[in-house]
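Could you have a look at this structure, given as structure tokens, before my questions?
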Amino acid sequence: MDQEPSLRTSVAGIELLHPIMNASGFLGYSKEHIRRLASYGFSAIVTKTITPYPKKGYDPPIIIALSNGGLLNAVGLENPGKECINEMVEEAKKLGIPIIISVGGATEEEFAEVAEEAELRGATAIELNLSCPHAKGYGIEIGMDPQKVFSVVKNVASVTKIPVIAKLGLSDKVLESAGKALEAGASGLTLINTIKAMAIDIYSLKPILTNVFGGLSGPPIHPIAVRVVYEVYREYKADIIGCGGVTKWEDVAEFVVAGARAVEVGTAIIFSTTQHKFVEEMLDSLRNWLKMLGFKGIEEVVGIAQKI
Amino acid sequence: MLESTRLRYIVKPARVIENKPISGSMHILRIELIRHSVEVEPFNFFNIWVPRVDEIPLSIAYADSKSLFFIYRIRGVGTKTLSQLKPGEFIGVKGPLGKGFKPLNNRRWLIVAGGVGIAPVPFLLSFAIKTNTKIDVIWGVKKSDEFFDLSNVFGLKQRGWRLIKVSEDCQDGLCGTALSVLNSVSINDYDVVLAIGPQQMLLSFCRMLKDRENVYVSLENMVKCGIGVCGSCYLKGSHKLLCIDGPVFKCSEVVDHLESSIS
Amino acid sequence: MDQEPSLRTSVAGIELLHPIMNASGFLGYSKEHIRRLASYGFSAIVTKTITPYPKKGYDPPIIIALSNGGLLNAVGLENPGKECINEMVEEAKKLGIPIIISVGGATEEEFAEVAEEAELRGATAIELNLSCPHAKGYGIEIGMDPQKVFSVVKNVASVTKIPVIAKLGLSDKVLESAGKALEAGASGLTLINTIKAMAIDIYSLKPILTNVFGGLSGPPIHPIAVRVVYEVYREYKADIIGCGGVTKWEDVAEFVVAGARAVEVGTAIIFSTTQHKFVEEMLDSLRNWLKMLGFKGIEEVVGIAQKI
Amino acid sequence: MLESTRLRYIVKPARVIENKPISGSMHILRIELIRHSVEVEPFNFFNIWVPRVDEIPLSIAYADSKSLFFIYRIRGVGTKTLSQLKPGEFIGVKGPLGKGFKPLNNRRWLIVAGGVGIAPVPFLLSFAIKTNTKIDVIWGVKKSDEFFDLSNVFGLKQRGWRLIKVSEDCQDGLCGTALSVLNSVSINDYDVVLAIGPQQMLLSFCRMLKDRENVYVSLENMVKCGIGVCGSCYLKGSHKLLCIDGPVFKCSEVVDHLESSIS
């Protein structure tokens, strides 16, 4: 009997039973949310981006599906503030699952404040959201500027001992920003966030999202995300979490061979009609794939497509 | 499957055909989708996009081959603006959302509706007529002028269902609240008992009937995205989301939520 | 009887019978290509990007379809050099259709050289390709840098009298680059080009395109392109040609209400099973739409979704 | 429709099952698609992706429920590398590309194949057998060792078709070129006459039969993208593209192209 290939992986020092976690912003600011996300079978839970104080977010419509298979959102980083971290971490511990707190802020100090709370409450790691394309002052303006990335990451890494992962979005300087994040002490990178986009209703002749602009996610952005992962891995051989348009197991595989040690899934959760099985189904297929190619574990194929 | 989910979650353009008061407190909205068609079940709801103003969850009140109907009460800015839209204006709808909840063949159902909780009932009745399920509806309102003629508005056949009206001003129908009438009904005769209306009413309903299996409520909660992402509609103490697991739940699933929501 | 709404439009001083032209790079470097493009019913023909001297391009695979509905390409600006402009312009004149020469170059002088040839041969206008995401030195490096955009456009505009349209791609500074292009004398802007992306085969474990990276086009990029058009129109009220993922008439309408006076269609040509009818079908639907909304012509709705 | 076009243009992973010489100059490649299935017609071709090396247009030689077969000759780096792939290795295929060209019921066809031009013939014969069309194949080669046993390789039934072998070295079959035999055939007996092989042969063929309606050639041309974008496969003097309008054309459509390609 052949042994089943292993899907165990580690990223940024976090040990994972398998490479599939959820993407930030799909639920994730209450213990109930954590319970639901855990029931999907993710190997770790990533929370919604948490800011120090409650943030109201935009008025609906905040999330809509598009005819190109993607999702467009401008939630506006709505969250109840850092107080919710405690109950989420407790819930995750009860369930025995690693929990990564996504951290947002308008200033370096705000990032550090939430990160400290996360560490204090016993979170597994921190993901710095440096890339939201539609929350003014909280997002992509930071990730686009390698110097700002450096100082936010540095500031957070200097006050916390748990792993710090920097989440970057698509930008002209994403490669440089990635380098700066690593230099500043990030143990890993999540690539990428949504891409700024919009949709207009051609009958009422109005933009649909209340915020007018939003972030595009889902299958449309996948080939772009794979490209970013590939380029960043090629340059830095960093620990990368691939994010963007993972819908089928093949997308996970593609991210991994491009250089990701794990992936995050967002949009696909919603479109799946078998939410409580689809992670498991992807894992089965990934095992079969590794077996077919003669590999013993998924870590063997991380970045293997770089050899050309 | 995937495609059909996606289609449900797209904001589909629609034209207002009719939009007017039908009773002292309620309005009826009739719309036609411009480029899509949808399949709807009772208790599905739609997020109605009022351009540049709001996205409002409303239960499907009735649907025919061409139109979708909604019954709503003005509560805040969103519903107020909605009520001002004129025939010919355009809106968008995201849906059908939520899980349908519909009768199997030859059942007996009891519906307890409070106020605008009556909204999904006409469409439910039209399904019941097709499946030969008998439905008794207890409809309670505060003021009698809230009543409108259920069967007339949607041309429902007067067959297989009964309406028991109850008003707190005692001007029309029985005198009291919907729940007060429930005490004089023999619950055991029904395969399904479902309440829909204000949270306080649903809580009392579930407390009254908590030891039974077949009692349901159709809940309201803060619905923002309607598609299971934003988390605003989660039920406290549960991992359920109203927008994709509901709006109809067993009492046992929501009693914690109701207890902690109503202080 | 109602009068049919008019689809006539003009962009960058070019009079068009209707707003739908082809996007550069879908055929377009020989008279035979022009004939075929004309047979699709476009209101103007845009050529493949032409450089002064023949350019070989990459080895196949150069263009592949992706499972997300997009197309990924790295053709490498293959073209026979500026000598082919003459026969194309002659063919277009024979067919009575405006022809826009897409111009590429590795230096400012090269851009000017091709532009002069285009004017000499009688082309209707010039589209400067400042945005190819995969042809080293010929593309997005220029468009990303507002100063370079300024000097290339300026240089070309100073030697030609026919309209100069600057084609920009997605970049952090697209708004600024658009402004610089206009300042330098561009009569119009084409927004956007493809977005840098990649695809990896998970069995052979290799990137599929020979060039590894390519440009993503088609429906996946449409909401991003609409956003760019909307932002640029909001800022400058410029003459804009919307480009990116136009597949159905609704996409044309969306671009127009966002601020475009015309659109270019690329990827959809390939996936259409009725190539010789699909432009006509879109035009019919656009007329019906305008009629339904009570407008007399498409020019009335340009940018109308800006009023919010 | 749209979806099916897209699927054709995706590079679909495939595994090499068999890849070996079948005659003095030709190789046979058998592959299995890993995750897709395709519907193929005679004269469709596939762009075979040899990872990191090339993408090579090859005609479908035969297809059964599980496998696709190709017959090819080594010409340059691409085909050379292809010939070195071992069973179990992975490639990708884009296709089926081009228009199919297949017999209606109960026709008579004459095929004139030169060299590796024989590649699409086995699949064509399997279609002809099904549709009761009778096909005569004149297969000319330079050296007799290029011949392989058509029916054996693909297990074709020996019914409804005949093979006339012609070699320039006169070691097997008739002596001469495929076209020289054509002179002694009564063309009028056939509903369709189609030539496939080197350009020079196709040009002579079209010149010989230029006054007839039902004469076709299956052309080769520089195919890069295979999907009608890059323009490399255009026919000179025409607005046709080989990759989406061909590879089979009427002689009248391609004679200008052939004349100007061969100097």
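In order of appearance the chains are A, B, C and D, and numbering begins at 1 in each one.
Basically, a residue touches a chain if its C-beta (ideal position, glycine included) is under 8 Å from a C-beta of that chain, and two chains touch if they have at least 3 such contacts.
Just so it is clear, the structure is predicted and the values come from calculations on it, not from any experiment.
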**Prompt:** For chain A and chain C, what is the smallest step count along a path of chains that touch one another?
**Reply:** 1
**Complete:** Output for shared partners of chain B and chain C reads A
**Prompt:** If you take the mean of the Cα atoms for each chain, which one ends up farthest from chain C?
**Reply:** B
**Distance from chain D to chain B - Cα centre to Cα centre, in angstrom** = 63
**Request:** Please report how many Å separate the Cα centroid of chain C from that of chain D, as a whole number.
**Result:** 37
**Request:** Could you tell me the distance, in whole angstrom, between the mean C-alpha positions of chain A and chain D?
**Result:** 49
**Contacts with 2+ other chains: residues of chain A** = 66-67, 69, 199, 202-203, 206-207, 308
**Asked** Where in chain D do residues touch two or more other chains at once?
**Response** 52
**Message:** Is the chain-to-chain touch network here best called a line, a ring, a star, complete, or other?
**Reply:** line
**Asked** Of all possible chain pairs, which ones touch?
**Response** A-B, A-C, C-D
**Message:** For a test of understanding, state which residues of chain A touch chain C in their complex under the given definition.
**Reply:** 66-70, 72, 144, 171-173, 195-200, 202-203, 205-207, 212-213, 216, 219-224, 226-227, 230, 245, 250, 253-254, 257-258, 289, 293, 301, 304-305, 307-308
**Request:** Would you pull the chain C residues touching chain D in the complex into a rising list?
**Result:** 25-30, 32-33, 35-36, 39, 48, 59-67, 69, 71, 73, 75, 78, 199, 201-204, 206-208, 210, 269-273
**Request:** Would you mind writing out the residues of chain B in touch with chain A in their complex?
**Result:** 1-2, 5-11, 13, 15, 34, 47, 49, 51-52, 54-55, 89-92, 94, 224-225, 227-232, 234-241
